[in-house]
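In what follows, subunit A forms one complex with subunit B and a second complex with subunit C.
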Partner chain A sequence: MKNAKNKETLAGWLFLMPALIIFLALVVFAVVSSFLLTFTKWNFLSGLSGIKWIGFENFVKLFTRDRKFITAVRNTLIYAVTTAPVSIVLALLFAYVLNGKAYFKKFNRMCFFIPYISSMVALAAVFRFLFRSDGPVNAILMNVFHVAEVPKWLNSTALCKIPIICVMIYAGIGFSLIVYMAALQNVPRELSEAAAIDGANSVTQFFKITLPIISPTTFYLCVVRLIAAFKAFTAINIMGMSDTAPSLVTEIYRNAFNSYNFGYASAESWVLVALILVITLVQFRGQKKWVHY
Partner chain B sequence: MKKQNRSSRVINTIWITVCGIIFLMPLLWMFSSSVKTGPEVFAADFHWIPKEIQQDNYRRVWFTSNVPFWHLYINSLLVSVIGTLGQVLVSSMAGYSLAKINFKGKNAVFITMMVTMMIPVQATIIPRFILFKAMNIYDTLWSLILPGFFSITSIFLLRQFYMGLPNELMEAARVDGATHFVIWKDIMMPLTKPAMVTVMVLAFVNSWNEYLNALIFLPSNKNYTVSLGIQYWMQMTDEYNLMMAAAASAVIPIIVLFLFCQKYFVESIVTTGVKG
Partner chain C sequence: MRKIVPVLLTLAMTGCLLSACGGSAGTATTKAAAATTKAAASSAAATKAATTAAATTKAAASTAKASAGAGATTKAAASGQGTAGAVYIDPKASSMTGTVRFFTAFDGKSGTDALIKDFNSKYPNVKVEATTYKNSADGNIGLDTAMVAGNVDVIISYGVANTAARWSNNLLMDLTDKLKADKLDLKKEWGTDAYKAKDGKTYVFPSGGLSVYIAINTDKWKEAGLGSIPTEWTWDEYLDACKKMTKGDVCGGSDFNQTDYWTYSVRQSKGKNVFYKEDGTSDFDNPLWETVLQREVDAEKSGIWYSKAKYLSDSTKSRDLFLQGKNASTVESILTRYIVAGKPAFKIAYAPYPVNKKGEKNYMGGSIPNSFIAVAKNAKDPDAAYAFAKFAATYGNKYMYAAGHATMWTGVKADEIVDVVFGSKTDATKYIDVDSFEKYVVALGQPAYSEDNITAFTEIQSLVDEYTKYVLNGEMTAKAALAEMKKNADAAIKEAKK
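Coming up: the complex of A and B.
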């Protein structure tokens, strides 16, 4: 009997082995060592002997002397609080219509979904053209809306975030749309019908019945899409905005792989980890107020 | 009442279709520009379809350049196909173990994995870089394939699927003395096919579109993936028609894949939901 149990245990670990080895090396080892690196000053080019333990100095420098880092944190927050809510609201709007009575549902679902699975590199390349000062967006502004002085989107530090935000919203909607459509299918039709008999119009029905029922889905999307927005990198780097509108990840990338300051970049990456954890925890705290299970 | 219903249906259709077409426009513009000449891209009188289709753009991007796309395609396909197959195999075995084999410590492993899901990959990239250098797989396709083998989302999804399969299926084989390997390979794994396809679709798309890891781990031209190819054209030239031919080349296989297995795309998002 003991023998059989040992055999079972052995089989269990053997089956788990391939996943476990990669997990231990690329996740557990990597997380622990990157955490330790945050307390060091280490330029990779100086070799292993160049590692110097400096305690919290990296973090002190980050928050007191590194203006670019502070900008990056602020930009990251801007990207997060714009792209996530806008894409979720639009996705809900589109999903609600596509779930109700309309023609060409399949075709329209496809239109919203394809950007999500398309390469972000390709989309960012397209959007960089669209927002050129002589590009289609400005052409529409001039010819349709008769704007006399069209902005130079890509060259101004203030405006260049807009193309980035647009492409991230554009690419992000498809995901939330699919999740919402699945959730809306589970809203019992009888509830709306009963409300309609009681004289509630469709707007009231939506806000008083549909929205509360799908609130767990909204909560899930807020968590997931905010985390995704915090990791914004591809669009910014491809549009060539890493210097004018850096995000946390573009800064981590620059410090780590352009100047090989591994200690400093690790510290930045753990600020990202902390931010994601805090935002997610705050959302879990706040959910009691508005999420109905 | 019925008439009102129909008119609201028509109104909804109109505005949602307008929105849908607006969403399609950047991609249509990409395809359209990819078959234009350089000046035509910027021309004031805009045409979706140019007078003359410039196949030459694609010829240049695919064959006569320092990073020919046929080569990048092979690299991307190797990374995505091997990575996806490996991920399904590794995740299926782990999922089976976590769901169907009783042994001490498996819950601890599973919970640890789930907890680390919160930690963004950006926080592990520096140690990975060091590790890959030490393993001599830096600047080889393996530095993208190997991490692709492991996905907590896939393990989680397959574990859930295995848990849903009744134990009775394995019991008869157990009594006959079959090992777990035989049971997994011949009885259980074939039953998880739908879940495996879902996992594969997600893994393939993620791996095909991967950018950050490719940028860090594949510095040499000969190892470029399709994503790096687009970036190469953006840095090399101002000719948007060539850039768009490169971008379109990267997007087409995913769209084709989507048109053939829409169902699995939708399923992969509804059931797993998390994109890296």
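Coming up: the complex of A and C.
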């Protein structure tokens, strides 16, 4: 009997082996290597023999001497704080409208979802065109709002984040919308009907009934969208803002693949991991106060 | 059966994984390199070769040896096809065999096909497979990966920093003994021996250059009543001419569309190591920097120069606006490649890059070293690869002009260049003033800027780009920007020397 159990266990392991090997090779090995590289100075062109152990020097440089890293952290937080909440709120609003009585529901749902499944490269290129100095946005400002001196959206360090935030929100609404629509359809109608009988208007029903019931969905989207915002790269890279409005990921990319400084880039990536971890933990802690299961 | 299946699956998966890590890496990296070459090499990216690069800090900082004479690279006047006694074509060329995998940023139509054809007329049994890569940060990563994987034999490497990174990391073949055996003296052949590794060895032919000049719309010039085009002028004189040519929507002039091109005016005066003082610290507290940058800002503000901020935000090119007649003149370096296709409605004349002070030596008069031909250390057929590299750096170097670049080889003939680019002198005269083209674009025998110190070059270049944008946007004054650049550049140099 014991023999049979051992054979069963062995069979189980053997079935797991293919996926496990891939996981170990491509994920675990990469993560461990990346962690070890944070304590080294390595130009990958020099081969494995070029790896030099330098201890915490990379982290010291990051926090004390790297001006661009501090700028990138600040920008990343700005992207996260603006894009995640705005895209979630807009998605909830559109989902609520589409869940009720609306014409062309399926068509509208498709229109909102298409940006999410579209290539971010294409979206970024389109938004870059929109915000050109002679693009449609400035044309509207000049001709409709009679603005004398139109903003230099793509050049100004103060304003260049706006096109990036716009494209990230535009691309992020679709996923949140679909998730919210599913959540809204699970809100029991009887509660709304009972509330209506008791004299609650639609706004009160929304804030007192619908929102609390879909709060787990909101929490899930907050976590997921924030993590996505922290990983902002494509839009910034394609719009050519890696120098003017860098994010942490563009800085990691620049140090790894432009400067070939893999050790330093690994240190930056682990700082990003720590930042996302801390923020996610804070969210999990805070959810006890407002998420109703 | 139930127990055999997982075992087989495991073995299959492991086999696939190991094979993916091993033999097909070359294919993968070749594909990666090839994938990055699909886009045509943009002129801005090609010109940025000297400035955008993988950083090697300490290693590259002391790799280039100072040339024996003055910092300037001087090309001897072309008097014929090379030096007597030097071996440009191997005696056994007709019987040499092999395959050469050649990576360049210039596509077939930009001189590569003509180069290979000319090479094969001397080496009929050597097959050359050309691959175009994009000379951008991503393109260079692809190329470096391909080199590490052993899929590259000969490269044209753009920019000192990129090239120094390759020789510092042992990717390139040592050419020292081969050059000696062929009696090829770097200074005699290419005007400089500055581009050597820390160990004093030579890993590259310093054969490619860029000449920077003023391209002029002759119709606009005549309309403004400016008389004959000067053979030398100061910036004040040039900007005065731009003022006279500015009319309606047409700007009298423009800088090249790359952020850092204004620094060439500082290079024109300094002649060597533009970012550095003699003591190795950064030079941004030199008053010349503020003068030059402020001059560009003032020219754009007054409307006589097209806004560089607009070029950058709209991704437009100075050559396009010039060829369309929207700018009456422009600072250019790679215009030649686009003239025939651009079909300008006017004739183009050329003038030298202006100087900061009247009578001072113009180190932007000649071609500045910009690209280097090298053989990969792990070339499949080293002899064939070296033979091709040598040919491309000498007799074949004239084809660089088809790509809008210039040659550093002293054996080139000026009249050959016109034929390479336009087909014949007769065809050329439809588009350009040939005399000024030969004087200021081909620019043989003129003093030229050079570099032998590239400490923290990439970081400093990045600072120049960053702060230039602040100044052009009006977010900082030139003085404030240069003060911060000085502080940050010195910190970068100190960091690189650790």
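By our rule, the second predicted complex is superposed on the first by the 291 of 293 C-alpha atoms of A that agree within 3 Å, B and C clash if a C-alpha of one lies under 4 Å from a C-alpha of the other, contacts with A are read in each partner's own complex, and residues count from 1 in each chain.
In the analysis below, a contact is a pair of C-beta atoms (placed from the backbone, for glycine too) under 8 Å apart; a residue touches a chain by one contact, two chains touch by 3 or more.
Computed from a prediction, not measured in an experiment: that's the story for all the values here.
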Open item on the list: A:Ser259 in the overlay: touching subunit B, subunit C, both, or neither? Say first, second, both or neither.
Closed with: second
Task: Which superposed partner A:Leu272 touches (first subunit B, second subunit C, both, neither) - done: first
Open item on the list: Touch test for A:Ala196: subunit B only (first), subunit C only (second), both, or neither?
Closed with: neither
- [ ] Check the residue A:Phe29 against both partner chains and state whether it touches subunit B (first), subunit C (second), both, or neither.
- [x] first
Task: Touched partner set for A:Asn155, first subunit B, second subunit C, both or neither - done: second
- [ ] Scan A:Asp134 for contacts with subunit B and subunit C and give back first, second, both or neither.
- [x] both
- [ ] Quick one: classify A:Ser46 as touching subunit B (first), subunit C (second), both or neither.
- [x] second
- [ ] Mind working out whether A:Asp243 is in touch with subunit B, subunit C, both or neither, as first, second, both or neither?
- [x] second
Open item on the list: Quick one: is A:Val89 in contact with subunit B, with subunit C, with both, or with neither? Answer first, second, both or neither.
Closed with: neither
- [ ] In the overlay, work out which of subunit B or subunit C sits against more residues of subunit A.
- [x] B
- [ ] Determine where on subunit A the residues touched by subunit B overlap those touched by subunit C, and list them.
- [x] 11, 15, 18, 22, 25, 128, 134, 257
TODO: Mind listing the subunit A positions that touch subunit B in their complex?
DONE: 8-9, 11-13, 15-16, 18-20, 22-23, 25-31, 33-34, 37, 44, 94, 97-98, 100-104, 107-108, 110-115, 117-123, 125-130, 134, 136, 170, 173, 175, 178-179, 182, 220, 224, 227-228, 230-231, 233-234, 237-238, 249, 252-253, 256-257, 262, 265-266, 269-270, 272-273, 276-277, 280
Open item on the list: For the complex, give me every residue of subunit A touching subunit C.
Closed with: 7, 10-11, 14-15, 17-18, 21-22, 25, 43, 45-47, 50, 61, 65, 67, 128, 132-134, 152-158, 240, 243-244, 257-261
Task: Contact set on subunit B toward subunit A in their complex - done: 5, 8-10, 12-13, 15-17, 19-21, 23-24, 26-27, 29-30, 33, 42, 89-91, 93-94, 96-98, 101-104, 106, 109, 112-113, 116, 118-120, 122-131, 146-147, 149-150, 155, 179-181, 184, 205, 208-209, 211-212, 215-216, 226-227, 230-231, 234, 240, 243-244, 246-248, 250-251, 254-255, 258, 262, 265-266, 269-270, 273-275
- [ ] Name, in rising order, each residue of subunit C that touches subunit A in their complex.
- [x] 2-3, 6-7, 9-10, 12-14, 17, 52, 54-56, 137-138, 141, 144, 148, 165-166, 169-171, 309-310, 312-315, 458, 462, 465-466, 469-470, 472-473, 475, 488, 491, 495
